[in-house]
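Questions regarding the structure given below will be posed in turn.
Each chain carries a letter (A, B and C) given by its place in the written order, and its residues are counted from 1.
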Amino acid sequence: MSQKVTRRQFLNYSLMGVGSFMAAGIILPMGRFALDPLFQDQAEGSMITTSVKAEEITEEPVKVDFSFDQQDAWYESEVTDFAWVYRDGEEIIALSPVCKHLGCTVTWAGDDANPNRFFCPCHNGMYEKNGQNVPGTPPRGPLDQFEVGTSDGYVTIGERFANEII
Amino acid sequence: MLNRIYDWIDDRIDITPIWRDVADHEVPEHVNPAYHFSAFVYCFGGLTFFITVIQILSGMFLTMYYVPDIVNAWNSVYYLQHDVAAGVIVRGMHHWGASLVVVMMFLHTLRVFFTGAYKAPRELNWVVGVLLFLVILGLAFTGYLLPWDMKALFATKVGLDIAESVPFVGEWIKTLLAGDEEIIGAQTLTRFFAIHVFFLPAALFGLMAVHFIMIRRQGISGPL
Amino acid sequence: MKRGKGLTFVGDSRVQKYDKPKLNRDYSEFPGRTEEFYPDFLLKEWVTGAVFLIGFLCLTVAHPAPLERVADPTDTGYIPLPDWYFLFLYQILKYTYASGPFNIIGAIVMPGIAVGALLLAPWLDNSKERKWTRRPVTAAMMLISFGIIFYTTWESVAYHDWETQNQQGQIVFSNLDTEDPVFQDIIRSNCTSCHGGELTGGSGPNLIEPDLNAETVQAFVENGTGEMPAFKDQLTDEEIQQVSEFVANLELTSEEDATNSTNDSDVSEE
């Protein structure tokens, strides 16, 4: 007898059912629409040739510019970016200048007191030459690296990835 | 004539009690600056509302010229400020008003806090007030990007990186706000525009209505 | 509420028909110097609002809303700064124990606790006492938080290089041509990170406004000065000469004649 569903309960359940259907029907497409950036695949980048000769790279980090076509949804533009590039023995290392604290731009020897470190002017973050963040300064990790190669004697820059030389 | 029109409407939908409740409610002595000058602190809430109204109106009018598109956004702002009559004033109202809302709301919060007005039975209204505070800060953050000038872009970059440092879901939050994993560009501007102009104001209106209805139902807190 | 008998309604609606006059105020239950909201008290509020509005309008006329030059994501020399009411948060992230490995404390935990405590204030401080002097702990916590916000905001403002800040974002109309190969190939990779994306100054000085001649620029580029490094070894003589001539040639122009990016899609000529 207690299992019996009253007329009022039945109507309530029906209301909830129809209501949920209407809510889901409205919200699902909109939700997927809004969340779309999360499901976008990042386009695979290719190696970009710069105008700097590989043999000119010394142990002192220098700024190497590169530009590429960036597709920002419907907006296409040519973007210039740069890397801090130096030679470590035979190998060429390219570090991203984006500070791992809050994304400002680091400069080599930007602080007079630290001539052999990368320096970020926003919150005084510092990194060693290999990108290792100096403990006690704001950055949360080492500078990212770029894939590096050479083509016809010129430096080429590829994908960005987490620092592996530390 | 006007009276007869009013009576005619009132006979049918009985609107008198609705506005009479607001118009005739008693304002006690302890909040009236005419009797105790220090009671001016009770004006902060009203002034916050006043600037919010200015913000809503000036914002509505700004969208007559503004376009949320990275190619034209800056140009449209430059144009409306320099070439449109009273553009300096309208954009100035919206810009300085944004700062003033934050200031007045902060003062209002301090007043409520130090007079203990958030205590039972007014806990819920305090919670709604704090939510309003957060909505206003969200409006301030998203509105900062819209002129698409240097400081807007770079301050937003920093803001999004702070969002990214949230554990576990940080990167999702950043991607959802920016519209792209890496780029802060065309999609970021349209998203911030949508949030600033539609989503947060909708929340703001709802919360403000609840805030005011609760004040009317509970009355202002008594003297200390 | 009375129902049914004795009530009359408007037509077939549910709106009750009143016979009594619409104005029937009775303040006998409110002793003391109270007054009705409308019109007595509202007038006072509106006078306050009007005074406030006068000050506000004066502010908007005296200080036009700032607008910096158009956003340029590639101008990596720009030092960002949030709007003033977020400065305290920005400043807190500079402290050792709120950044680096502790970044989460400065960015999430501390603001989170502050907002959480604010939301839950009625339950954290649930005594009946309303006077703030009689609940010292709560009042002290609020005063301390207020002090921290005030101090960090002040610290951020006081230690910021406002001259650079204001210069780096300025809208400048110049004859700088960012499509010029000298700018594209040499200046953009060597000069803009210090002198600003439009050479209007950053951590290094403005190159547009001063009336420099080519020899002076050449000397600076070759030998460096102060914080500026020497470029003798990094650029060829020919490149240095090109840069010098390019920079010496720069000057401010009127809005109509400007060729720099500020005027990309000319706003004054619709």
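Just so it is clear, a contact is a pair of C-beta atoms (placed from the backbone, for glycine too) under 8 Å apart; a residue touches a chain by one contact, two chains touch by 3 or more.
This is a predicted model, so every value here is computed, not measured.
Engineer: Between B-C and A-B, which chain pair shares more contacting C-beta pairs?
Structural biologist: If we tally the contacting C-beta pairs, B-C comes out ahead.
Engineer: So which chain ends up in the middle if you average the CA atoms?
Structural biologist: Answer by centroid distance: C.
Engineer: Cα centroid separation between chain A and chain C, in whole Å?
Structural biologist: Centres of chain A and chain C (C-alpha means) sit 25 Å apart.
Engineer: Taking the mean of the C-alpha atoms as each chain's centre, how many Å separate chain B from chain C?
Structural biologist: A distance of 16 Å separates the two centres.
Engineer: Measuring centre to centre with CA averages, how many angstrom lie between chain A and chain B?
Structural biologist: Centre separation, chain A to chain B: 33 Å.
Engineer: For chain A, what residues touch not just one other chain but two or more?
Structural biologist: Those would be 101-102, 104, 122, 140.
Engineer: So which bits of chain B are touching at least two other chains?
Structural biologist: Residues 70-71, 157-158, 162, 165, 185 of chain B each touch two or more of the other chains.
Engineer: Do you know which chain C residues sit against two or more other chains?
Structural biologist: 73, 79-80, 93, 103
Engineer: Please output the residues of chain C touching chain A within their complex, sorted ascending.
Structural biologist: For this pair, the touching residues of chain C are 73-74, 76-77, 79-80, 93-94, 96, 99-101, 103, 185, 188-190, 193, 203, 227, 234.
Engineer: So in the complex, which bits of chain B are touching chain C?
Structural biologist: These residues of chain B touch chain C: 10-14, 16, 20, 22-29, 32-35, 40, 43, 46-47, 50-51, 54, 70-72, 74-75, 77-79, 81-83, 88-89, 91-100, 102, 109-110, 113-120, 122-123, 126-127, 130-131, 133-134, 137, 140-141, 144, 147-155, 157-159, 162, 165-167, 184-185, 221, 224.
Engineer: Sort out for me which residues of chain B touch chain A in the complex.
Structural biologist: For chain B paired with chain A, touching residues are 70-71, 157-158, 160-162, 165, 172, 175-176, 178-183, 185-187.
Engineer: Inside the complex, what are the residues of chain C that reach chain B?
Structural biologist: Going by the criterion above, the answer is residues 10-11, 13, 15-18, 22, 25, 27, 30, 32-38, 40-41, 44-45, 48-49, 52-53, 56-57, 59-61, 63-73, 75, 78-86, 89-90, 93, 103-104, 107-108, 115, 118-119, 121-123, 125-132, 135, 139, 142, 146, 168-169, 171, 265, 267-268.
Engineer: Over in the complex, which chain A residues touch chain C? Could you list them?
Structural biologist: For chain A paired with chain C, touching residues are 51, 62-65, 79-82, 97, 101-102, 104-105, 107, 110, 112, 121-125, 133, 135-140.
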